[in-house]
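So the structure is just underneath, and the comments pick up after that.
So that you can tell them apart, the chains are marked A, B, C, D and E in the order they are listed, and the count of residues begins at 1 in each.
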Amino acid sequence: MEPLVEVRGLTIEFPMRAGLLRAVNEADFVIPKGQITALVGESGSGKSTMASAIMRAISVPGRVAGGSITFDGRDVMSLGKKELQAYKWEQVSMVFQAAQNALNPVARIKDQIIETFRAHSKSYTEKQMVDKARNLLDYVRLDPDRVLNSFPHELSGGMKQRVMIAFSLLLDPQLVILDEPTTALDVITQAYIFDILKKIHKDMNITMLLLTHDIGVVAKAADRVGVMYAGNVVEAGDVYDMFKRPKHPYTAKLMKAVPSLYEDVSERKGIPGSPPDLLNMPPGCPFHPRCEYAHAKCKEQNPIKVYTPAGHEVACHLYPNPESVAEVRTS
Amino acid sequence: GTSAPGLVDRLSAGEVKDMQQPVPDAQIKYNKDKIFHVLGGWPKPPLYQGNPFGSGGTGDTNNRYMFEGLFFFIRSMNNVYNRLAESSEDTEQTTTVHLHQNVKWHDGAPFTSKDVWAYYRLNNGAEVTKYLTSIETPDDYTIVFHWMNPAPYPELRKLLLAQDLQGQIPYHIYKKYVDKADALLKEAKPLTDKSKDGPFNLDITDELSKKIALNWNEFTRAGPKIPVGTGPYKFEKVTTTDMLLDKFEDYWRPDAVHFDKIWIKNVPELSAQYALVKAGKLDWYDGTPPKDILESLLKQNKDLVHYRMYDPASVGLMYNIRNKPFDNLKFRQALTYVLDKKKLREIGNFYGQEYPKISMTGIMPSSLEKEVDKSVLDQMTDYTTNLDKAAELLKEIGWTKGSDGLWRDPDGKVPSFIIGAPNNWAPGVNSAQIAAEQFTKFGIPTKLKAVDSTIYFSNADKGQYDMSMDWVDVSWGFQNPWSSMRVLFWQGTKTKVGFPNVKKKDADGNEVDTGKLDLKLKGIDGKVYDIDKEMKRFPYVQDEQERRKIIDNLAWIANENCWGVNFFQNATGAWLNTKTMSGNFPMMDQIVQYNRDMPLATDPDEQLAITHLNHGFNSTYMPEEYWPR
Amino acid sequence: MSLKGVLKRIGVSLITVFLAMLLTFFLLRMTPGSAIDTWARDFATQRGMSLEEAYRQITAMINYNPKEPIFTQLGRYLGGLLHGNLGMSMIYQNVSVNEIIANALPWTLFVLSVSLVISFLIGINLGAMMAFKRKTVLDPIISIYAILTSSVPNFIVGILLLVIFAFQFGWFPVNGAYDPIVEPGFNLPFILNVLYHGALPILTYVITTIGTWALTMKGSAVNVLGEDYIVAASIRGVSERTLMSRYVKRNAMLPLITTLAVNFGFMLGGSPLIENVFSYPGMGYYIGQATQQRDYTLMQGLLLVTSIAVILANLASDLIYAKLDPRVKLEEG
Amino acid sequence: MSQGFIDFWQTMYRNKKAFSGMIILAIFIFMAIFGPMMASLDMTVNFDGRYKSPSFAHWLGTDYGGRDTFLQLVYGSRDVLSIGLFAALFTLVLGFVIGAVSGFVGGKTDTVLMFITNLFLTVPSFPVLMIVAALVQIKNPVMFSFILAAWSWAPLARAIRSQLLSLKNREFIIACRIMGLKTPYILFREILPNLTPYLAINFIMAAQGAIVASVGLMMLGLAPYSPTNWGMMIQLAVQNTGGIFNPKGYIYLISPIMCLGLFQMACIFFSNGLEEALNPRLRS
Amino acid sequence: MRLDSVSMYFERSQGMFGPPQKVGAVVDVSLDIHPGEIIALVGESGCGKTTLGSIITGLQKPTSGKVLYKGQEVTKLSGEKANQFRGDVQLVQQDSYAALNPMRTIYQSLSAPILQRKIVRGRKAARSRVIELLQTVGLTPPERFLDKYPHQLSGGQRQRILMARAISLNPKIIVADEPVSMIDVSLRISILNLMSELNRKLDIAIIYITHDLATARYIAGRGRMAVMYLGRVMELGGVNDVLSHPKHPYLQALLSAVPTPDPEIAKAMADLPLRSLEMPNAAKPPSGCRFHPRCPMATDRCSSEEPQLRLVGSEQTACHYAEEAHELWQRKMADIGAIKSV
């Protein structure tokens, strides 16, 4: 498993009027090459912030307060202006959370595509650009002729999302970040889009990072999962492993909180309490106020992450060292 | 040109000798195009109609260069000169005028006596026609005016004729309308009712009057769209903001015309006018700005000279006697005692002259001593500011002053008065504001309403304000005590003060207003006079001494009845630009002494020369004594 | 945009104009004083007769009777309107209102549209810049400028400009729409001369309105900057210049288009003061004249034309809006 | 309520611009109420003392009649503020009632009311202002304000209507309707609070507009002259006493302009803060 | 409550020329709602669920058909009866933020309806009632929430407030339109639990509108489910019957689109059994069976003949080939081993 992106000790802060907001807190995270990695977590847990850090596109008051990000062996944080232009969208591209609003409402899709090309390589002729766009649109099962000449508002939500996927592939990136690509779409469209994504992944061998809070989607699409909670990556590992044997109490509860079509529905329970206020973080493990295993240490100290050889990682005081993870696994 | 020497430097350097003679073409330095730049106003095209009698006319200033009358007179001095009339002579019942024989209309047609006759037949409402029985033209260059019996005294006859500054129209152009008017007049029967008056002593029936008016209206619409006159300059071009007049080559006095063109600009905004003056873009400008601006203009442009003169008109306030308590003489007098005229004058028109003693006399204050006997003047009540007197008078009529400093009327009510003033008239508005402040400060709350000038006058005539601002002690037309008395008792002042009229019962028993003044007052000798009668008989009184007596009495009555206050007599002035213009500048020897800010002239010749510069209106000025430099 | 919708809009506009006309008609007849008063006053002095007599003669002359029932007057007026005849001016007896408007309207439209376009374009660019580069000196400078210029009446600014540029430096003419020396027509000297004369009035409008445009635009642009598509585009690597022009400006401008029409109407109605300062022969001059002298017919005609212009401006702004914003369909409204 | 009040003040205090705006406004209001009580303005002409430069005796110099400019501004603030506030109040009430009824009731009422509104927006206000004011005798500030409000309500009514149309279909209003709550309740208790920030801003804008327009009316002679009204002072300086051309008169000319500018600036700053303070969401 | 072949058509104008089109948002739907029952209304976006919901709440008047409440037609109710109906049928909306007045505190929002409708009298009584309501929906301690503004609460808390508001008028029916779709996964279950608790304890009938079959199954375990497509009900029956024995190919497509939180099953699930993704234009519904252009099993009959709801097994379905489809489905499920429980 060769890592494409390695995030180490990443901390991102937003200075706000009410105080300093840590959206991502000393997070470690690895995106293996050629796989679909999912990052799950509740709203506000820092998924998008982490992704935008990888894209070097943290929104205005935000700043990286510590840690590093390497992409294919290069330090992303130290890229110069020129390199950055060649990095963004050409190496890493993104499908945005609110695809509905990610297109300029007053420009035709075609113009926006050409604009994107122009911003990067000037060697393409307009025809080449349009041809490439046509192929991609065809690929995401849209009618290129109609879509290219449309304004965003003339497309349905599902169509816009697919246009955005085509957009992300325009410059043959190595990594595509999919930020909740299907929220606000209905089930059938959602399934359909995942079909397309999986096909793209297979055909083009593109590494993908999928940000979502829908456990079902993770199960369906991802090879590897990371779980975020209040800015911390609390657990990460292989998808089967995670679903069958979640380690972190939060992960376990999260899995349990999702109703399923096929399993027994009688005993499902939500996680009590609510996610912490990032401006008023409790000391210690951020999950401890909602955790039934919490003990004294949890209230004082944020647990350190432990890694198992099998590529599983977890940050919880229940697992003081790698062996203990295995222990629990067997028990 | 700040670095170029100014007028004072040039005078000191002895560079002024050329100013007494027309400058040879080769020596013209600053005004090579020989254009005379002035300001003027006219209706903007397409409103401009080319007929001076049409609506909006062709513009007052402009007319001076395009039209002439039989006579020409300086309004404030009452000097009458011949113009198109070569000479004239009076008999008891006639005035005969001989015309210059080489005068041409701008279109080339000769000017004849028929053109004068045409004017009065067509424009039969002109004042003088009321005193005439007929006009005869024995030949092309002679006109005989036949006066009614009795005839007005000789001086008045001349003034009546001279006030028609454009007493002729081109008969060859307007023949159709003149003949029609003449025919209509011939239909009328002679007047029998002596209390009425009509043109040429004719009884114009309502039906006839309508026909005459219609004919007049058609005449005003008739072409040509450009004015045709006999004046030194003829019309060339007009836009909304500029008018060009061109030298009339066939002018009968070719030597009097030194400029090739007159360029008239229409600039309504006062600050813009000042700016033009300062920039030296006008050769002549009439008007006197507030003191500080005047001084700064002179300072900034060293070529300008400013001449100052009295305007035969005063700014004043009239009490509306229709409203209580203004019907009470003592109240009016009390208010008059409150006013501090010096302050009113300083703010209203700094260079004006206040006459603190009088209230309102019907006579231009600066000629009061000339027109009214000294003994009468001495017997007039002195209204010089006197707050104690004012308070005393108020108390006499039952008013009391509260501890808050406000006066209360006999009913115990605090009054609140409104002074009305036309809003575009700065001297009036500004001084009225100060008057309001003085009344208020004295304890009689008063506010000013500066009203849009077009409604102001009809509102004031209807008595909508407690006090109204207007020109007072002023004569429009020509300068004569009788003329200014007319304004007081018969015209503008009458309606604003609200003198009563004679009421008559008509056939149905309804009361009708005859429009005739109903004012009977005690005169200086203690006898009661019917003012209307006195005024009516005045023009026919041939004896000068008797005329003076009538005026003495009327002036005294006016002052005693205190119908209004003369704030100050207006001062006006004229600016000359000596850089582009040379000529016979008045008071040349004193220019250095006063550094071009000339004081009121005392010498009669100088006075006259300066009055020539600023004709006021109703007189004609031609730059014949000035030439390009 | 449905045809029916457009027709309906036009229909409603027509009715509005008609009612506006009725409103002004009745208002005008209700006001004290009329052009006849002024005219009679002149006539009386000119012809040396009493005011009553002059009044009588004049009403006979122009076949106008103020005591005539108001509906008869209205009927006559409407009859004329049907033939496109706005009647004759009352103060200028042989000039038709049509002629006056034909002379005045082009000048006002010229000055207003040029200054509106200029100030709009500069304003939105400044506004966009203020929004884009938040922490520069530009923002406070323009804000204060906008506040100051909106608190000083615009004709005072006009006078100041006149004093400085026309008199102090003599760069621009003092008054008028063109020099009497040039020949009016479609020739270059004339056009240049017209521009030269229009410069100061235009500048006055531009100076006094630019700040407000900039502030409004800034507000709008700040909102747009927060939109997802801006972030998305900048991540896609779209250059700042493109972002500014094609994304921010284009979108932020949209709500201002409607204001454009409103401003147009406002300026049309408010032009008398400025046109007076520069002696500019536009509508404002005649509106001022007609109002002052109570020339009903002239005023009526001018107000009618102004209302139509305002409504047309509104319609135009809707069309422009629809053109610029593909999302809008003219159905509603 | 009291908590809301405290929050309001805290928000205002935190927002520097809004706070400074508020302070300036407070000073103006203080000036209007107590100024004339503390110093008396002597309007006696002192011609030799005209156009004096600022000094300790005359903080902002003197006018064309040698009267104290600063004191005139102080006295004028009463006039300016009362006309501004009354006119704004009337504008707001008219605009809100017409806009709200039109938007909420809809149907024919809406059509008719909007028609009238459009009429007012179509006819240029300047000439109509002259006509109406010639018809009505202005006797007191209240009436004056009412006339001023008569042609400033229309744009507001239109804006309120469109806001109402969108509010009407907002889910929380639908919820009220489903719960069978009465229309007046919905209009005044549910919708009105959502419009308050907007109304507050418009109140201030309308006040500004009225102050400028009042000068126009005085100039037309439709309202008694109030020589200490700031706008009137500008007018006097420029027109009646030839201000721009008078090198001595600059301070007299600029003082009222600065006062109006400062007042407007304070209004704008304050209204920015108001929006924040009145909206609980922006508050925290 | 009974819906008797209710239809709802909207007019939508089309282009510059051409007459407005009629969009059938709800077509010929009949449904009985029994006291205390839970009905899940499921279907793709735009199929008319919300419209049906607003017809039930009386917010919109159907263009045809009758809505009967306690035997009386809702649109003809007046006076006291209408007032009662307004109190008896309540709505819980999807967007809890939009559904609460942002300018008013929780206490104000909750006390106003009960005071206005005179359910309680006096401020004191209102206050204690509000506190009680907050407790009922699990917001403790209630006092902490009284003076908060909506934006100061989390989505889950706001959704509970909406529930509290809905039950404050002691309703008989609550229509819940996607009440949990905007709430975090970790909190969804508790809201759903709260709803079934209210249903059980207060005997309130609940119409649960969603496109999430899993939550529908969770909440309406004992109730019924109606599957809608383009305004029509395609399948109707007990929840477990419908889900474990789906007959209509549309329902089957829906089921296979639902991601399962089990990687094995999820990944094994084949591509969508659909011929096209795009929903047809509701203004021009396809002839015959509305689903036929997308149906993998469609035949000529489907495009010509519109199937009516008929009883197949224990539930009603509107498909000509329901039996065959059911057969195929069972086989497929067995293949991937999805049918373990139930």
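Rule of thumb we're sticking to: a residue touches a chain if its C-beta (ideal position, glycine included) is under 8 Å from a C-beta of that chain, and two chains touch if they have at least 3 such contacts.
Just so we're clear, the structure is a prediction, and the values are computed from it rather than from any experiment.
Asks: Treat touching chains as neighbours: how many steps, at the fewest, connect chain A to chain D?
Replies: Each step joins two touching chains, and the minimum needed here is 2.
Asks: Of the pairs D-E and B-D, which shows more C-beta pairs in contact?
Replies: Looking at D-E and B-D side by side, B-D shows more C-beta contacts.
Asks: Between chain B and chain E, what distance separates the C-alpha centroids? Give it in angstrom.
Replies: Chain centres of chain B and chain E, defined by C-alpha means, are spaced 91 Å apart.
Asks: Would you mind pulling out the distance in Å between where the CA atoms of chain A average out and where those of chain C do?
Replies: 55
Asks: Tell me, which residues of chain B touch at least two other chains?
Replies: Residues 271, 275, 278, 452, 455 of chain B touch two or more partner chains.
Asks: Residues of chain C that touch two or more other chains: which are they?
Replies: Residues 32-33, 159, 163 of chain C each touch two or more of the other chains.
Asks: Which positions of chain A touch chain C when the two form their complex?
Replies: It is residues 52, 55, 57, 59, 85, 88-89, 93-94, 96-98, 101-107, 112, 115-116, 119-120, 151, 153-154, 167 of chain A that touch chain C.
Asks: Which stretch or stretches of chain D touch chain B in the complex?
Replies: Listed in rising order, the residues are 43-45, 47, 50-51, 64-65, 130, 134, 218-225, 227, 238-242, 244-249.
Asks: What residues on chain C touch chain D, complex-wise?
Replies: Where chain C meets chain D, its residues are 12, 15-17, 19-20, 23-24, 27-28, 30-33, 144, 147-148, 150-153, 156, 159-160, 163, 262, 265, 268-270, 272, 287, 290-291, 299, 302-303, 306-307, 310-311.
Asks: Tell me, which parts of chain C touch chain B in their complex?
Replies: Spelled out, the residues of chain C in touch with chain B are 32-33, 37-39, 41-42, 45-50, 52-53, 56-58, 60-62, 89, 91-95, 99-100, 103, 159, 162-163, 166-167, 170, 174-180, 276-277, 279, 281, 285, 292-294.
Asks: State the interface residues of chain C toward chain A in the complex, per the touch definition above.
Replies: Residues 227-229, 231-239, 242, 246-247, 250-251, 254, 324-327.
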